[in-house]
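Mind having a look at this structure? Questions to follow.
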Amino acid sequence: MFSGFMVNAWEVASIVAVVAGVVGFFTVMRGSAFAAHAIPNGSFAGAAGAILIGVNTLIGLAVFSLGGAMTIGLLGRRGRHDVATALTLVAMLALGALFLSFLVEYYAEVYSLLFGEVLGISPNEIAPTAILGALCILAVAILYRPLMLSSVLPDVGEARGISSFRMEMLFLAVLALATTMTVPVVGTLLIFSLMIGAPAAARSFTDRPLVAMGLSVAIALLIVWIAIAASYETNYPVGFFVGVGSAVSYTVGRLCAVWRNRRTAKPAARGGGLQSDAQIASNIVT
Amino acid sequence: MSHFLSPVFAPGFFESEAVHIALGVGTLVAVVTGVVGVFTVMRGQSFAGEAFGDLGTTGGAGAYFVGVGPLWGFVLGNVIAAGAMEAVGVQRVRGRDLATGIVLGAGIGLAALFLHLYTTGHSTTGATVTILFGSVFTISSATIPLILALSAVVLAVTLTIYRPLLLSSVNAEMASARGIPVRLVGVLYLLALALAAALAAITIGTILSTALIVGPAASALRITRRPLTALLTAAGIGVGAVWLGIVLAYDSYHWPPHGTIWPVSFFVVTLVFITYLLSGLPEARRRRQADRRSSASPVAQPATPS
Amino acid sequence: MSEAPHGAPPAAKGQEILLLDGVSVRLSGRTILDRVGFQIAPGEFTGLIGSNGAGKTTLFRVILGLQAASAGRVLFGGPAHPHGHGRRHRRIGYVPQKFMFDPDVPLRARDLVSLGIDAQRLGVPLPSRSRRALVEEMLHAVDAERFADTRVGKLSGGEQQRVLIAHALIARPRLLLLDEPLANLDLGSAHEVVALLARIAREQEVAVLISAHEINPLLPVMDRIVYLAAGRAISGTAEEVVRADVLSGLYGHHVDVLHVHGRVLIVAGAGEDTDLAGHEGVFPRSEVLS
């Protein structure tokens, strides 16, 4: 499984995992799981449309993920944006359904678009994937500091001149870019699970932000490598193993966090009777 | 009569049995989803629609794999999803979204597996598309009794718990202070939503089912504040979108590319989306007028300063 | 409307680090702030006192540049920052009232404080000895060394507050703004925080502006008060401002100032209706205002 066309698969999948780990770190930190789910759904229409007009699917993916991301960001400015976001992405999916209905002979392409396809990756896909991946990682590195503050303390960030809105739009753009290059491997329906499973697990193992990001990449690589190997052996789709693998790593992370909490006694509450909102909220039982 | 209407209705529309079934089922489903959807929007639970869409996919794929009709799969998948959401529901909002997302990911992965196993064993390849995007014209008449039964159950449950559901959706604390079993009402509502989503999935597909649940309801709630009016409006919008969608889809046989119809789900979702956008216009105009008015107002004179 | 207080001279012109002059804010037809003016001298400890709804948060937002004033001006004094006068360069540290840290977020107290050094600059911070030393110094200043390596989300509210203060201070601001830091604290803890802030103000040579609706914990340490009521303000020392005649004029109706057991009670008179421009809510008869 390590020779011939599989080499392409290993290379591309590794790049995908690294990007998913890095971008996923902020996705989870910002609680943007829904956007990470919605943007690939929208991009599906772009890919279907691209197949229809005979253009490289990456272009279709890029245009529609970016468009979807910007729409979500703009609609998110007003209240009640969960309805607006949901309807927008469903509308884009419907467009995808339309394009799909014209693509009668392309069932295999459609299936791989939705659930991922690793075995059919050609060598000339490696370069664009690597370039886009490098761009994503570079963008995250550049935005790291203001994005970090804006994600954790948006008010304080605003006071320092860091516009929360601009950070949100920039982050969504990076998310769209990451979607574009990861979807061909893992599929539109499953990329988001890799992007949230690995980072969610990583932060159970360390308290330091940069270490968490590194672990996030490592876990994503592990999930993807296992998925490829398993898919090669069983012929089952890669997406299945990615979805299940992300769930497993998340669960392991949760268990580890619970175990850690039991081990370390909470620091004695000095500093007065002020309960943080998080503590109050976690005490509220529906 | 058909001469007169032929520009709108392509030939054979009124005679086709598939159309009759589609119109009947579609109307019923639109009413059910419109009614349940109003509460979904009021409770801010749009994410639940996502969950039902994705886990319904797993159920549907499993149904194909096992050899049962997809509706059973949607129902089972959604009921399990409802149970999972209840179990996860006590956590913080962020934790909930993350956990939900993880479960969905695993579920979709499973769906991929089921579909793979099904299509390698059979020659037909349309299962994926049918599950995900629906095919209201190919609903077999054998499924109709189940559809009727499910619709009846959903409507009965919703109308029975109507007032406590309304109260607890608007203000849960006040409702429980009045002795309403908020948790029980919530669970019943969630089950109703699960079944409604399954019905929507049969009509326009699993991952588009959110549109019928959330869209007409959201538009209705923008137009009116009164709950009963909202229910009727939502159902009305849904029915209108479904009918128009069916008509257009039937007509599209003659549109390019010739020989195949455009999907009904595409029309229905697009119409719902357009309706939602239009329903926001009066409020936007009102807001613009209010802004214009306030910027022109002079400063109120304060009481006597020292 | 600020007054030149009798006796104590205001900061010499050009010396003040913050000056508000005739600042008004109108939103949706309501007047939130009405010609507010005051100034803050370097190192001064100022309390912005007012009940909820008086306009404190809006005033803070104007100072921070997050809210445009409908009229008036906000000036920042002191040596001009070499890179300009934009919002990023106002050298104001800000500690918000509400903050919520998810206990799952991988960020230690130490990391949050380190972020405060230069969060607005792009790129990833490279670890360096001087950075570490600076962070240690700040953690020591707010007495947070014990939990420096604990996740921020796992700290108590008071501990998180101290970390936020360190985060704001580490950028060496000239003015530290705290939005209702004492709001949810019992009296004992409030005194602790106030003592900490007074000590920091002295040691770090930074002016402090705190908003609060309870005046008593701040009385021992305040140099000046800005008293805000229904969008209008009076500033001066405690002796000048916390007086029945002055506050009655500000509120527009009779107000009593009582000194009870070493505490100050400001009470709206019985039998008075209120009719303050732009004020939200209803005063019950004889309400304790602060």
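Just so it is clear, A, B and C label the chains in written order, and each chain counts residues from 1 on its own.
Heads up, the rule we're going with is that contacts are C-beta pairs under 8 Å (C-beta built on N, C-alpha and C of every residue); 3 or more make two chains touch, one makes a residue touch a chain.
Note that the structure is predicted; figures quoted are calculated from it, not measured.
With centres computed from CA atoms alone, A is the chain lying nearest the middle of all the protein shown.
Look at the CA centroids: the one farthest from the centroid of subunit A belongs to C. With each centre defined as the average position of its C-alpha atoms, the distance from subunit B to subunit C rounds to 49 Å. Here the CA centre of subunit A is 40 Å from the CA centre of subunit C. Subunit B has its Cα centroid 26 Å from the Cα centroid of subunit A. Annotation for subunit C: residues 102, 104 touch two or more other chains.
Contacts with at least two other chains are made by residues 92, 94 of subunit B.
Residue positions 200, 278, 281-282 of subunit A are each in touch with at least two other chains.
Interface of subunit B with subunit A (complex): residues 41, 44, 46-47, 49-50, 54, 89-90, 92, 94, 97-110, 112-113, 115-116, 119, 125-126, 128-129, 132-133, 183, 186, 205, 207-208, 210-211, 214-215, 218, 257, 260-263, 265-266, 268-270, 272-273, 276.
Subunit C meets subunit A in the complex at residues 64-66, 86-89, 92, 94-96, 98-108, 111-112, 115, 118-125, 146-147, 149-162, 164, 167-168, 177, 184-186, 188-190, 192-193. Taken in their complex, subunit A has these residues touching subunit C: 29, 141-146, 148-149, 152-153, 155-162, 200, 202-204, 206-212, 257, 266-267, 269-279, 281-282.
Those residues of subunit A lying in contact with subunit B across their complex are 28, 31, 33-34, 36-37, 41, 82-83, 86-88, 90-91, 93-95, 97-98, 100-102, 104, 107, 110-111, 114-116, 187, 189-190, 192-194, 196-197, 200, 236-237, 239-244, 246-247, 250, 278, 281-282, 285-286.
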